[in-house]
Amino acid sequence: MKAVIAIIRRDLLLAMRRKSEVLTALFFFIIVTSLFPLGIGPEPALLKKIAPGILWVAALLATMLGLSRLFAPDHADGTLEQMALSPTPLGLLIAGKITAHWLTTGLPLVLLAPVLGIQFDLDTEALGILVLALLLGTPLLSLIGAIGAALTLGVRGGGVLLSLLVLPLYVPTLIFGAGAVEMVVSGLSAAGHLSLLAALLAVAVFFAPWATTAALRIALE
Amino acid sequence: MKAVIAIIRRDLLLAMRRKSEVLTALFFFIIVTSLFPLGIGPEPALLKKIAPGILWVAALLATMLGLSRLFAPDHADGTLEQMALSPTPLGLLIAGKITAHWLTTGLPLVLLAPVLGIQFDLDTEALGILVLALLLGTPLLSLIGAIGAALTLGVRGGGVLLSLLVLPLYVPTLIFGAGAVEMVVSGLSAAGHLSLLAALLAVAVFFAPWATTAALRIALE
Amino acid sequence: MLTATALSCVRGERLLFAGLDLALKPGEWLHVQGENGAGKTSLLRILAGLSPPAAGEVRWQGEPIRTLAEEYRRHLLFLGHHGAVKEELTPLENLSFAAELDGAALSEAEALAALSRFGLRGREDLAVRFLSAGQKRRVLLARLAVRKATLWILDEPFTALDVKAVELLSNLIVEHVRGGGICILTSHQSIPLPNGKVLKI
Amino acid sequence: MLTATALSCVRGERLLFAGLDLALKPGEWLHVQGENGAGKTSLLRILAGLSPPAAGEVRWQGEPIRTLAEEYRRHLLFLGHHGAVKEELTPLENLSFAAELDGAALSEAEALAALSRFGLRGREDLAVRFLSAGQKRRVLLARLAVRKATLWILDEPFTALDVKAVELLSNLIVEHVRGGGICILTSHQSIPLPNGKVLKI
Amino acid sequence: MSNRLINWFKFASPQSFYPLAGKMIPWFWALAAIFLIVGLYISFFVAPTDATQGEGYRVIFVHVPAAWMSMFLYCVMAGWAGIGLALNTRLSGMMAQAIAPTGALMAFLSLWTGAFWGKPMWGAWWVWDARLTSALILFFLYIGFIALQAAIDDARRADKAGAILALVGVVNVPIIYFSVKWWNTLHQGASVSIMKSPTMATTMLWGMLIMALAFWMYSIAVILTRVRAIILEREAHTEWVKALPEVRGESR
Amino acid sequence: MNWGSAAEFFAMGGYGLYVWGSFGACALLMILEPILVRRRHKNILRILRRERLADTFDNQP
């Protein structure tokens, strides 16, 4: 357990050291959401309609961008090797790394999303659901993403291959997450979508660290 | 000149060797464009309206994803050092690398775009303009992106910082590119937008390799 | 007590070695020798349990290391070609992180002492990225000094080190072996250490 | 004829060396010595024109290398800690690309000959990624053999090489220097080469 | 001629600029305070209520100065960066680095106050208008500059890289502005146009100008203070810094 | 003079939130920034003084 906390602490420390990393994932989120109006045009009604989709796709891409750096640096400099050789079970250490990843990329997105929602003129209730959905959805993105990151580790052209693997797996999260917000925007209840998200999250919490660890062991061989 | 051709040949060879890299940029393009109907909902009229914007944003993100690998591997293994020490002027070699980047990421996007446009129900004329706009716009993306890639080389958290630097600079390309297609969709002439794109390209061809080279020299110091 | 029986290793379609036997008792050390590409690194990774052998088995205290898993790793320290040092962190942070990963307690004073023993005095708070090639390796060596493992597996530990550091490391290994430890290492230079075993691949 | 006058080098806030003078005539070679972190790599990078000195100047045939630029680089060959070999390409491809970058013509036969001279026979078509640490360095050495440069600047060229390869490289350097070349190198091991100059940092 | 050149370079050296800046800072603070008091008095007590916008328009007295400063400071920053790149003077990079955070702050304030004006006027915190969008992008450019410099540890390298980025940005800002304007006007008739400029009451104009001067003086004062800190950080190990009275502890 | 009472002044004709939201943000940030900058300056001065002190110890035999 001590080693797990050490891992989380170290990853947060590294994120602070590379100050820009956390901030820039956030800004990527902001910029991508702002790109869409530029591509699509400034009509407020149209923009409001596609806002949940855009915000979710942007959150998803922002999470995904940092994924390739989840294990790659540790792999390149031999830290992963040392983690595999540590007396603490590798699965636990990996769970720690995934937690740190969510804390540094997912959580900031959740906190920032309402501000961007305002740019698209969403009302208070929709903003609330947006935050709630992201709060359930972004850990899911980190967990699923970790599997992809582990599978593409040390593989040629890993970074882009990663997105190819991970994006299809993100589809359910996207549909339920954006769906929840759209329900509220059109005056319906979002409860169904949210509970589905929660269920997915519960499954992933148990399954993803295990799959990630297995994939990492293969990469290390 | 011989060295420039050698650089282009080698980068193409490397791209073939890491087969997945070219393919996955393409797949990223496809998947991002397909994510939107999932996030936004299947209304055909709405989708047709936002199609040019989405296609362009996706193309832009697909180009951007590979950017961090434009110079980073060459930097890490010392090839860039050797290029700086080569008797051929560095600026020429860099221009070669940018060309290779466009050939491996921009060009495939141009070729694939019409297929995706059909998915959004664009008509033939609009598809033609889409291809033309991308043909002018994607080299611009590679040129501007190279500056960002050079500036963030060897910098902590470079990959994500890169997108922060580059995306704002992509705005004019995005606006004129997506604008051109929208003009045709709404029955107007796209000539104005296209000639602006061409003008931007002409400026960038002279200016960007110079700025990139200057930035690379700093990274090497 | 580390034993390996009938190990063989295949890379691509190339057989690097086959039927390799090995037994090391506490207080012994082994110098694995061989040309470039002979398979020394491959052997060491097999012994550390990082990659499986094509045939044969590695045992620790009579048990196969596959089944021992964490129990084996508790006794093991492996230093590969790559340093497992984070370029962004300082030597001090790297060292204390490594200790925490190993589940060992390391006070700041101990860490500082180890670093300054390896000539990193004054560089404790400089990101590793700025260190010279040899200084980077020295950070790794400081880890050797603080980690209490029985079995050391070191792949070319002497690279990039200057004369003084080579001597320091040699002393460290001698101490370790005298205290009942086991050490396996590779090196292309001759090693100024007494009575080791030699394995030629 | 390479001369350096009153060179000094600052890293961070640390002065590595100052007032360093240096003159090398054709047929001479120089062994730069110093502890880990003394500033050998930094000096070599300054001499190659990769980073500017904090003070002082480097001249080639009497002209400052800043103004000579490409003209100087035509005569220069620099091998750093990093190999400039692409892991995805084969040794053969790496070698011919390096030659093209240098603007030299290299036939496939010559390239193959150089590779097999350095013991890479049978690995010409294997991606460098699969090679052992020493074999990777050997690919670099093959480049030395084919490039016709007057001034060689080699940073720790002997690392990871086995005894046979060390000898091969030594012969190569001796040949180069006899033929009127200049060579500057660093190494923590003693070098089995006759009558070189020594610079201690 | 050559004499003047030397003088110029003398003040361009951090060593002589440091005390000079120290002497100037109080004056700029004083000016900022004076302009601020006068400006605030005009904005709240002299300027009359607007016929169409009621009291809400009073946001203009901070919005417009902040917006102006954000653009102006970017140009100044790029100017210093360019000088640094061309002449390799140490001070220029420090100036550019000192200006960026204040510029970003002004850009942020123009966005914030603009949003707080837009809500009562247009009923939305944000619309995708040309000027708003390009203000947002300007803010991104600032953030990019700051992030890039923060990510590079070596000060000299950070200066040069930042300079290239600032110059590339300065070429792009007009391009971005016009592209956004085109994009916006082509899509729809100007349903919302902030800059429709009703003939402003002269008191309003005066209030705005004086507030702008106050912002200006404030920016100079803060930037000079920051550049002094940066000078000390970067030159910490030079003899002249060690000999400074405040370092030797004599002045306290 | 536009205002009858202090309450009227703060209400800003119903636009209080917006006017004071803008002026307040400006005031807040423009007070905060100089404080932070001043702190940065103080901080580096403190470090420099400490280093000077350490130097004097070094020079003693």
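We just call them A, B, C, D, E and F in the order they show up, numbering each chain from 1.
Just so it is clear, a contact is a pair of C-beta atoms (placed from the backbone, for glycine too) under 8 Å apart; a residue touches a chain by one contact, two chains touch by 3 or more.
All values reported here derive from a predicted model rather than from experimental measurement.
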Note: of the two pairs A-E and A-C, more contacts are counted for A-C
Farthest chain from chain D, going by the mean of C-alpha atoms per chain? F
Using mean CA coordinates as chain centres, what's the chain C-chain F distance in Å? 54
Inter-centroid spacing, chain F versus chain E (mean Cα positions, whole Å): 17
When centres are defined as mean Cα positions, the distance from chain A to chain F in whole Å is 36
Take the average of all CA coordinates in chain B, do the same for chain E, and state the distance between these two points in whole angstrom. 32
Name the residues of chain E that each touch 2 or more other chains. 137, 140, 143, 147-148, 151, 180, 183, 236
Junction residues of chain B, two or more chains touched: 17-18, 155-157, 161, 164, 167-168, 171, 175, 221
Among the residues of chain F, which are close enough to touch at least two other chains? none
Show which residues of chain F lie in contact with chain E when the two form their complex. 1-3, 9, 12-15, 17-19, 21-23, 25-26, 29-30, 33-34, 37-38, 40-41, 44-45, 47-49, 51-52
Complex contacts: residues of chain E adjacent to chain B: 137, 140-141, 143-144, 147-148, 151-152, 157, 160-161, 164-165, 167-169, 171-172, 175-176, 179-180, 182-183, 186
Complex contacts: residues of chain E adjacent to chain A: 124-129, 133, 136-137, 140, 143, 147-148, 150-151, 180, 183-184, 187-188
Inside the complex, what are the residues of chain D that reach chain B? 48-52, 70-71, 73-74, 76, 78, 80-89, 93, 97-98, 100-103, 127
The answer for chain A against chain E in the complex is residues 18-20, 23-24, 27, 30-31, 34, 37-38, 41-44, 47, 118-121
